[in-house]
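The letters A, B, C and D name the chains in turn, as written, and every chain counts its residues from 1.
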Amino acid sequence: MSEIIRAGLVGVTGYTGMELARILAAHPVIRLTAVTSREEAGRALEDIYPFLRGFACGKLCLIAPDPEALAKSCDLAFLAVPHGAAMELAATLRALGVKVVDLSADFRLREAGIYREWYGQEHTQPARLKEAVYGLPELYAGEIAGAGLVANPGCYPTSVILALYPLLRQGLVETGSVIIDAKSGVSGAGRKASQAHLFSEVGESFRPYSVPRHRHTPEIEQELSLVAGREVLVTFTPHLLPVNRGILSSIYLRPTAGAEEESLRAAFAGAYAGSRFVRLLPPGSLPELRYVRGSMYCDIGLVMDKRSGRLMVFSAIDNLCRGASGQAVANANLMSGLPLECGLEAAPLAP
Amino acid sequence: MSEIIRAGLVGVTGYTGMELARILAAHPVIRLTAVTSREEAGRALEDIYPFLRGFACGKLCLIAPDPEALAKSCDLAFLAVPHGAAMELAATLRALGVKVVDLSADFRLREAGIYREWYGQEHTQPARLKEAVYGLPELYAGEIAGAGLVANPGCYPTSVILALYPLLRQGLVETGSVIIDAKSGVSGAGRKASQAHLFSEVGESFRPYSVPRHRHTPEIEQELSLVAGREVLVTFTPHLLPVNRGILSSIYLRPTAGAEEESLRAAFAGAYAGSRFVRLLPPGSLPELRYVRGSMYCDIGLVMDKRSGRLMVFSAIDNLCRGASGQAVANANLMSGLPLECGLEAAPLAP
Amino acid sequence: MSEIIRAGLVGVTGYTGMELARILAAHPVIRLTAVTSREEAGRALEDIYPFLRGFACGKLCLIAPDPEALAKSCDLAFLAVPHGAAMELAATLRALGVKVVDLSADFRLREAGIYREWYGQEHTQPARLKEAVYGLPELYAGEIAGAGLVANPGCYPTSVILALYPLLRQGLVETGSVIIDAKSGVSGAGRKASQAHLFSEVGESFRPYSVPRHRHTPEIEQELSLVAGREVLVTFTPHLLPVNRGILSSIYLRPTAGAEEESLRAAFAGAYAGSRFVRLLPPGSLPELRYVRGSMYCDIGLVMDKRSGRLMVFSAIDNLCRGASGQAVANANLMSGLPLECGLEAAPLAP
Amino acid sequence: MSEIIRAGLVGVTGYTGMELARILAAHPVIRLTAVTSREEAGRALEDIYPFLRGFACGKLCLIAPDPEALAKSCDLAFLAVPHGAAMELAATLRALGVKVVDLSADFRLREAGIYREWYGQEHTQPARLKEAVYGLPELYAGEIAGAGLVANPGCYPTSVILALYPLLRQGLVETGSVIIDAKSGVSGAGRKASQAHLFSEVGESFRPYSVPRHRHTPEIEQELSLVAGREVLVTFTPHLLPVNRGILSSIYLRPTAGAEEESLRAAFAGAYAGSRFVRLLPPGSLPELRYVRGSMYCDIGLVMDKRSGRLMVFSAIDNLCRGASGQAVANANLMSGLPLECGLEAAPLAP
């Protein structure tokens, strides 16, 4: 663990870039050596992010994105750019021998046709798509460790897949009756100037959005179907919460015949034995956003409603940390031979 | 409309009492003549509610609750007391000839046995229970106009019943597959000192609670079953939002065979023709809490998800106004021969 | 009061336009007959402001701004446009015989040179500047009633001038030692897309801004100097609060020799006798934003600190209602021969 | 650094106890070995603080406070109890050889008479009062390193003293004209059930409180006077911000003759050279709460207002971390021979 891993961060001005900078500022092994921003090139990182003043990385001078330059200064690159902007760059960096963790959606969908359908553009790197590993450590730690290109999962999919993986892989719930009512903090909407996400448009309010075709739907269905070994079709409804960070997903399921709460709980215990960052809450406890803030934890609670015969699963994550940049660092850790939790061990910030 | 209706308000220190005082401070016909509070008796209303300074009612001196005194000074009484505390008082006031709008849960459940099961105590006034009218004006305006005792609906039930009434009365959705994911602002938790609802326990957080047995469940099922003409069983999951006011319910349904979005919309248009305070939003628009704040409006949005065959109905209300005190005033208006909207016509406060 | 006043609203898409629409939607005499927006022309008002669905004005079709058209359909126009955009328009409308309430800063500074210095552009209508009346009703009700052009005060100046007027006009505080520490909700920053005012930039945070040269400084000094009869120079420091609405100003003063709390209170009582919308709080009570929300009230609290010999005055207003659009309607009321409070009588929305 | 320091935490159920548990959960050297709570004795720490599930300390069983038991299991104890409750306990623990960091106010005021005047009770441990070191590391690191009993500073005093120390020790500002307008997040009000701090009493609001006699006033004056070498008398006005964490103090000063911004900045640079956790912001930058959240940083900004001749100093801290528990851990570090920043190196959580 003593050797330094040199990391590049492409696209630092969004919230996922900001969160990567925050985590890496104190990472014991992975060190930021290049940070790019088209708009802010020439400025010091601490000038755009005053909270990094006093950290070594704060003195880094932002540069315009340039794969050749990145390849020279970095062993690994995090791409925190919008979808569409990552695919070419990832391919170029891979060709130059740089490991890549892509936080955009560009390599999450395993079929280029699905990408085209939901993102409205052609996938230009279908070969790299095959190479990419879906970066959810609890499911794919082995593949991630050997990967050169990791597709970092979406925030909503992370919260949903972790909540359903133990149930679907054991066939404990019906695959045709999955309803996901998800709620996200505003940082999930990005950091671009936008009237819709001004404080006074969002504060003291709450609303559903992108119903019924949010782009995380095919990603969720792809991964759940792989786990279940059969097609899973979901109803997925995101809502916008007046908080900075966090996603809470409330999932409504029909247990298959004979599934009792005890066996459901056992499925979780089995699936996540040894998983430091998934916490199955004891009966009577349900997840709350405040208990995962700033961390990699995914808290999960189960409730069987005997009256209606439904199973409810609730999961809470921090959308920026577990749902994006923390998970990206965990993936980079694995790709670099480091323990998953390296640099990610601080307790959640409550309150 | 020129004669004054004298109103009593029993229990002013909670949020529903506070909201009643707010609305009645500017009501053109109903005038507060007696306001009670066990703890604050002797103080002026404006001393506990500085926002009422300058209003005539602000000078009212709070008195301890006393049915005889209320009967002398009031034509009608609002009971804004906890459940259990209202039933005797309502019966006494009725016997003294005072009309009563009860904001507690005491007269909402039509069967005393159900009350006992969910509220854990015996109903002492089963005869008055029969007399009580469920005060949802869009369904029962006629009965309310002639009633002496109105059971003001719960906040969640108001948001749910208005969203489902047109569908269930026409048999457009299956009655065995109703899932309600509801989110409420913190004022719904009451105004008693409580660690769980301190700002720093709730701010920047979000959580489900009272799953799977919230007390509004039987009230919802009772009213929906009456509308549907058959038993309706729901999965009802409330969550706590970090906002002061508002309830948004996201409801997942299975349309019965052949139901198309157009006919579903027609059902709403028909059911709420002439209903000033229910607004069916046009296709593509969904409710937001900020657009109903401080008002009697219930905004409703419909989405058919063709992929999953599910119908989603979203409704938004202000839990304190439409979900409690505004509705109580609307009921009092009808009971007094006034137009439903009297004193309730201000536009929602956005932002 | 029975005749309708026809009002135009120029620039409806900002928060002051939104608030004007909210207030006028339920105004008993002033009726919106023309609403303009360059970007949204052709849409119905209720399509951009769903909270107005169901109100008569919601059906108004937005038009591009055109003084001739406005002059035909309106007796009075509210200008809710950025500074610089109002001066020509106001002059044209006045020439066409339309009364004007200008919510921008264009006519607030009585000297064109000061305007140039602080707003960085030339004032093109110096003659109209002389004609304009500063629209603070507690100080200038008489002039406003006879005015054709009213300069609606800035939000911060409203909160400050009302807090100091009684003291300065009686010489009860030193004019060289006025420190104003002011805090405003985010709606004060406007509704243009902006990264700096995204929810996640502002929520859970707090910061000073525009120190030491906020543009409301010369407006505050101009009016305080007029009241005092001598030059008043202030230290004015605004801060950004994570709330939608409200300004609280904490003002630090040195009483002149011999001024006692009692005489200071008497000065307020005298200055605001008969002023419905200024509330001097009793000793021991201090203003809170929640108690003025959505209203015209300015709550004022006084504290003498005997240890330091300083006087502190605190004032709270709703920046959008009292600090902008509500005050504009009050001015329009006076200009139209209506009572100041017409359409502005609802109680503040607490919580 | 390899030996473990065993720490006790007395009073874990308040926010300072919660924050101590959060920080110590990941501390590399100081390990919680005993945690007390009168009300929650017998429960596991993770049962009252679910965010600690998965951390070693989460399994600790809470015990009733007992000095003898603490002395056996701890080298050092943090007292996170209300004022008045700490003095006896601290004395007993000291007598048993346990080092003590007291987060209450009991040992902050160096004179028992001042304590009596402001806290309304007799100080029972005047001898220990003499022994106690005021735990502000930037001023007293040497004394703290050798101390057995450290009085952890109040949150407001921390934010104020750090902002003024460089100026007062060099005589750069007048001591008779210090005005402090401070704003704190709600966690500063404690975690006891309280109506005044319910979400819906505080959210979307803002107010001054405890004016003009907040108990942190004498602590501020004591320390500033010591620094200045002469009596400093302040006007101190706290306000309640609707955020969980953070204090921003806006301080108004009169520079002494000849003080220029450059020399003022030099004073800060000199005073805090080598101080990792104080960041003087460059000209044009001002502190924001979001940039210090969850951290030990104190960000400071200076503005000279040439118009009024006043100097404004702004400081921002996290009231729970720098203003209480993080500082307590920093003190414990120094008392244990560890580097000040041990376990306190994570970057602030933004957003």
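Please note the rule applied: contacts are C-beta pairs under 8 Å (C-beta built on N, C-alpha and C of every residue); 3 or more make two chains touch, one makes a residue touch a chain.
None of these values were measured; they are calculated from a predicted model.
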Practice problem: State the chain with the largest centre-to-centre distance from subunit A, centres being mean CA positions. | Solution: C
Quiz prompt | Option in B-D, A-B or B-C whose residue-number contact pairs overlap C-D by over half | solution = A-B
Quiz prompt | A-D compared against A-C, more contacting pairs | solution = A-D
Quiz item: In whole angstrom, what separates the CA-based centres of subunit A and subunit D?
Solution: 35
Quiz item: If you average the CA atoms of subunit A and of subunit B, how far apart do the two points sit, in angstrom?
Solution: 40
Quiz prompt | Whole-Å gap separating subunit A and subunit C, where each centre is the average of the chain's CA atoms | solution = 45
Self-check item: Sequence positions of subunit D contacting 2 or more other chains
Solution: 15, 187, 200-201, 203-204, 242-245, 288, 290, 293, 351
Quiz item: What part of subunit A is in contact with subunit C in the complex they form?
Solution: 15, 185-187, 191-195, 197-204, 242-244
Practice problem: Would you mind writing out the residues of subunit D in touch with subunit C in their complex? | Solution: 179, 181, 183, 200-201, 203-209, 211-212, 233-235, 237, 239, 241-246, 248, 250, 252, 286-290, 293, 301, 303-308, 310, 312, 314, 316, 351
Quiz prompt | Touching residues on subunit C, where the partner in the complex is subunit B | solution = 15, 18, 21-23, 25-26, 49-55, 187, 203-204, 244-245, 276-277, 279, 281, 285, 288, 290-295, 297, 299, 320, 345-351
